[in-house]
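Written out below as structure tokens is the structure these notes cover.
Naming follows writing order (A, B, C and D), and every chain is counted from residue 1.
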Amino acid sequence: MKTDLAHYRKEELMRVLTIMQTIRTFEEKAGMMYGLRKIGGFCHLYTGQEAVAAGAISSLDLSKDYVVTAYRDHGHAIACGMDPKKAMAELFGKVTGCSHGKGGSMHLFDLEHHFLGGNGIVGAQIPVAAGVAFSQQYQGTGGVTLCFFGDGAFHQGSVHETFNLAKIWNLPIVFIIENNQWGMGTNWKKVSAVDDFSATAGAYGMKGYSCDGLDVLEVRTTIEKAVAEARLGRPSVVEARTYRYKGHSMSDPQKYRTREEIDEYRKRDAIQAFVAKLTGEKILSEEEWKDMTQRIGAQIEEAVAFAEESPEPALSELYTDIYA
Amino acid sequence: MPELTYREALNRAMDEEMARDEKVFLIGEEVGEYDGAYKVSRGLLAKYGPKRVRDTPISELGFTGLGVGAAIAGLRPVVEWMTHNFALLAVDQVVNNAAKLRQMSGGQISVPIVFRGPNGPAEFLAAQHSQSLGSFWIHVPGLKVVAPATPSDAYGLLKSAIRDDNPVVMLEAELMYAWKGEVSEQEFLVPIGKARIAREGGDVTLITYLKPIRMVEEAADRLAEKGVRAEVIDLRSLRPLDEGTVVNSVRKTGRCVVIDEAWPMASPGVTVAQLVNSRCFDVLDAPVELVSGEDVPMPYNHTLELAAQPSVEKVIAAVGRVLYREDL
Amino acid sequence: MAELLRMIALSPTMSEGRISKWKIDEGTEFSSGDVLCEVETDKASMDYEAPQSASLLKILLQAGETANVGDPIAVIGQKGEDYAPLLKGIGPEAGGAGKAHEPERTAEKAKQEPPSVVAAQPAAARAPQPSPQPSPQPAAEAAAQPSPQPAAEQAPRPAPQAGAKGADSLPRQAPQAPARLPPSSPLARRLALEKGIDIRLVPGSGPGGRVVEHDILEFAEGTKSAAVFSGAAEPAQSAQKELRQESSIIQPSMKRLVIARRLSESFFTAPHYYLKKKIRAEALLALRATANAARPAKLSFNAFLVKIVAEALVRHPEINVYWRGPGALSAPGAAATGAAPETAGGPTPTSASASRPVLEQRHSIDIGLAVALPDGLITPVVRDCNLKSVSEIDAELVQLIEKARAGRLAPEEYEGAGFTISSLGSFGIDEFTAIINPPGSAILAVGTIVKEPVVDDRDAISVAQTLSLTLGCDHRSIDGAVGAVFLADLAGMLENPAMALV
Amino acid sequence: MEAKQYDFVVIGAGPGGYVAAIRAAQLGLATAVVEKNLVGGVCLNIGCIPSKSLIHNARLFAEGKKLLEKCGAKVDLGGFDYAPAWRASRLAADRLSKGVSYLLKKNSVELIQGTATLSGASGIDVATANGSIQLKAKAVLLATGSRPRLIPGFEFDEKKILSSTGMLMSEKLPKRLFILGAGAIGMEFAYVMNAFGVEVTVAELLPRVLPLEDEEASKIVEKEFRARGVVIYTGAKASGAEVADDHVVVHLSDAQGSPLEIETDAALVSVGRTTNIDGLGLEKLGMRIERGYIITGEYHETSCAGIYAVGDITTYLQLAHTASKAGEIVAERVAHLLKGTPDPRDHVLDRLHVPSAVYCEPEVASFGLSEASAKEKAVPYAVARFPYRGNGRAVAVEAPEGQVKIVFDPDTKAILGASIVGESAADTIHEILLASKAELTVEDVAELVYAHPTVSETIMEASKAALGHAIHI
């Protein structure tokens, strides 16, 4: 699917680019901070997949729409509008983090921006997302829920159960499979009966879409279409084929794939490609791009400084936020 | 006061709460057209329509998780599990999502949801359908767990559970649905976390919850004939546990028998026994006795099945041990 | 925006890394994800990937050099940027040397200088009370222990529940002979403490001999004695197995223990001396016979004895005294051989006896009469004997002795004798010495009346009925001569009761 | 500019802050205290201390006048001037504030005049007269206190619509004064002004004066005040004030809802206090704050590790002495963490054993459970009372209005709380407070031999009353 740039106003294109670059810069910094042991535990970076979150989430109206995702959640959180300071502070485990340092990398939440997490169990967020869509339908809000999950999660039973529920009740939901091709260290082709996940949608009476997850505009137009359908009570399944540059998590030595494969994908980098397209069409100047990267670089630096300087949660916080 | 069955009491509670709050809805297998596998939701579909009384496919994981999602997005679902045995398919959604989302989000998100259904052995149902699984739920911080033993408590606790802003798991029992008891016509709530002293006595404290209550009361009657005045505590809530009522009673009697249908390891019963040991040590005249379900999968044969469960005789024998009376 | 590139942890356990090779040269541009250098970690050789796109401006750590995680290894940025300020404070040796000057960025620094109070404390020290402490021992380590015997079984159990008294009396210093508490329920231990009962003396009726509540209650009522139950607790077959026993242990009763303690205390603190006098008893016997002639119930010999001793004491108040030492265990008026007058906290020294001994002068004539019972001795006391007639004294004695035999004497009926009479006449004992019964200073031991030849004033030998008196005195309060005068006077009155009237 | 490093930085030099700072310095911590206003805080400068001075003089004035009149003297108040009494109050405040500055100096606490903002867990920016400076601290204490609460319709101009600050700072007496809010502050000013001859009207929203105190104590105080000519409206809602050139008209509706207009020369608004937490940068730190109060846990630590809070900004009673005690605990805790000095584990600020006092005439003082709170919490309790009428000393000094009320456990006879209204209440409360803290029972207190005649005997008598055998009633 080729998309006409002219379809979008410059501000919108710049907004999408900003989201992508913010995610990229944030993730690169998060990786550094992990290496410096400022961040611990499981930390799944989104580097390489920015086009999916940015393209998909930028198409939403977050005054009524919701986003639910799994543990590789920094990108979606930022795309929804979470302040990078709050996100970085959460990674640092500080009390200023979006979850007061209780969630960490895998459990970012931002209720204000309709971002409902951040789920660490593969596939567990899928029925929850359907529930959010159920609530939207029940309350007649006109909202849609985007449910992100990966090629690994696709094989969970929750997918079948939720696809079925979504269709029988015509929930306003779009299931987005971010196929980054590696379920931890397992190549998706090895464990998948189909070579296009969107093909399964038909079995549930839903429409399936597939798009190039490295082309942000293609993602954007595809999701726009799917979201419009979902608003009319027609749930759908979208596969966005993408690639992650880093290991599954920060402790992954990545022996299962070659550097050549990674380099191959880096050449097709979604941000670079988008920038090239924008500059080629004279929508973005070199100068503007430089300004943007600098501005975002400074913003993320600031987020790190904020996280660094923020207080730890006091011990009394151990017992808070558990029961309402 | 009018008598209601346990089933009718639950039905009345849901009916009133659905009438009171548009956001309350019932979801589960056979809750609508079939009036509930155990007829607990009888008439609700007719009254509230399919939007609010939602029949699901046989997808415990799916509809339980969907309930959680609906709860975090502003609704108040009552999720009926046909039995707690089947809820094991949905444990992930209860434990990893319902109980955790509030804490993981630093308090941003609330999960006002009720999970309810029959729990524990009935008759002739064999290993997979006769399990008392309160242990699974009470283990998890973030959940509340209630287990009413009378129609009145079933009514009052279910209403409290529906109004609670936290996930509440409610244990019921198939054989209790037909139990009758007085339920005030006036609307009332039973607070979560408060035990009931079912009978007062000074010689020994018998602590139980859910279905064994009647058996324990019968044991108490028989003990009374032999001059032993047993205090019977119906816990009603397993999490949070009403520690005060338990501790005050055992401090009075110095002897304690806990009766629990669940298997003995890591069960509500041993949790209570541990509480008594730690808080009442100085007044105990005998180790706390636990009368639990036998540590075996439930057999189908009726004689074996009964032998696998607590009984009046087992309770009396345990009381004999804590009283050092061989004549009991 | 030039910045320092730092050594990062390329494996979870890496704390330092050695650069084995730089893959690009200074001045080269690179993209995010490009390999900048190879780093040897504790585990393997790893690629150091560029965290972002930039140029390598300066290498700070050369191949072959090692740096801690967090130390700068290079400067990256845009070509031509002035990065000199970044290097300020980094020593000529580059790399690792920079770390000490870099404010709180490095892991090392963070360790050394906590930025806040929190980091200064080990987590354990700040743990809130309500949270249960996790086991400090890793599970694997615990599992590796070959002997998983519970510690409780190995060590003698300290028994705080037994109270200060019980715990003190346990030979904690002597592990070779641990005096173990019998198995007992916490409630029983608490009750025993409250009632001042040594739980080791209480036979247990619970499983494995556990002492339980009703054992203590029965013991306290006196309806359960050690002897009965020590027999019952031992199975009969053990007696058959071992027909001959060197000795066996009998748990003494509470009363026995009290007698033992109090008499030892008296005997080992009060310096005793004894005065003996043999008297003729005919006149006294005749008096008794005369008095009894018209009475349906006979007055006892002891009643006369008590009355005359009382008269002697009226004349010799110096005998009716008590030497109260500092910290003396007996409260005023406490009995010597009463059954368990102690309370849980142990006897309280009175204020008078707190620092130095005092001599207590008694103003009432309260005489105790030792009575032997199967399980010990008890001394019922007749108060104000000088104000009572012989028949009153007799009536009182009958009542007291009856109560004593039934075990129903109240403390006020056996405590506080100022003088004690002990008679073994009924056992045919000629004479004996007795141990002073506090709070008195003297005790009169009375033997049996025997017929024996005596030489009278006229040197004629005749048969007389004689009685041996032995007066035991506390030398601290009664000197020998004082005691002697008293005994002589008393003897005179007993030999000639009329003397008691004048 | 290089940030200056301290162990402990205290923000606010009121009774919470300066005590904490001095204690911390005593324990060897490098300590600084940042104050934007006057050292000593509200208490010393515009609170307890100057108001006590005024109360003292008001009492002398009123009683002296009363005595002279009683003895037949013709009292001519011509030439009466309030200013000297007012100056005495300022002198007292000034003296004590200087005293605190001296103590800070003596203990090597650095005093930094300026406005502080937290820039992170350990950084503090201070805006001073000479520009901004940065401080670094291993631990921070927030002790910024409170200010009079503003309510719409009664915006302070400190000329006609006064806060307690304005009231304390005015050198002249109004002829008529309207007081909105009959809490401790309102009633103390009502007393002072009435004693100096001002026509005072008090309005309170709740159904009684001193609503935080025991109901019976309220009644006694209200009766006394009315007897002295103070006009009191309880259950009254104030909707606003019209300020004219030479007077103010206050609009009220009384307990029955009927509208009332009160013309007065000045209105004092004393309806509680607002916490000073804005501008400290707390939201950015993710600190747990509920309804304007900072939530603190063990050792008064906020939800941010290493940052503590004491005094009016927390959920404890807004009293100088709670702040001071909490400040001490924080200092000791921080010194324990940094220097290994003993942990103040046993020095907890026990909410039930904090006395509160109102220094009007008659004085009111209380602690612990009131009868109402015991009832509400369903705690088993009994109440014993003893009236001042039965006390020789109180009668002799012509102060027979008052009573001691003890709330105790009917089984154990433990003292759960007490309320005293009458002569010397704020002083005598401490003996029963000490008894309660030391877990003595009413039996113990009843047994104690008291000097006769003293007002304290009322406590012994009330304790005897608790046991059913008071002598003098």
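Here is the rule we go by: a contact is a pair of C-beta atoms (placed from the backbone, for glycine too) under 8 Å apart; a residue touches a chain by one contact, two chains touch by 3 or more.
Because the structure is a prediction, the values reported are computed rather than measured.
The chain with its C-alpha centre at the largest distance from the centre of chain A is C.
A count of C-beta contacts for the chain pairs A-D and A-B puts A-B on top. Separating the centre of chain A from that of chain D, both taken as means of CA atoms, is a distance of 55 Å.
Between the Cα centres of chain A and chain B there is a gap of 41 Å. Averaging C-alpha coordinates per chain places the centre of chain C 51 Å away from that of chain D.
The distance from the centre of chain A to the centre of chain C, with each centre set as the mean of the Cα atoms, comes to 70 Å. In chain B, there is no position where the chain touches two or more neighbouring chains simultaneously.
In chain C, the positions touching at least two other chains are 116, 118, 128.
The residues of chain A that reach two or more other chains are 97, 100, 311-312, 314-316, 320, listed in rising order. For chain B in complex with chain A, the residues that touch the partner chain are 25, 51, 54, 56-57, 59, 61-75, 77, 92-93, 96-97, 101-110, 112, 141-142, 144, 164-166.
The part of chain C that touches chain A in the complex is made up of residues 1, 6, 8-12, 31-33, 35, 44, 46-47, 51-52, 69-70, 105-107, 116, 118-119, 126-128, 130-131. Residue ranges on chain A touching chain D, taken from their complex, read 89, 94-97, 100, 306, 308-317, 320. Per the touch definition, chain A reaches chain B in the complex via residues 66, 68, 97-103, 107, 109-111, 116-121, 124-136, 138-139, 157-158, 161-162, 164-165, 168-169, 320-324. By the touch rule above, chain C contacts chain B in their complex via residues 161, 185-188, 190, 205-206, 212-214.
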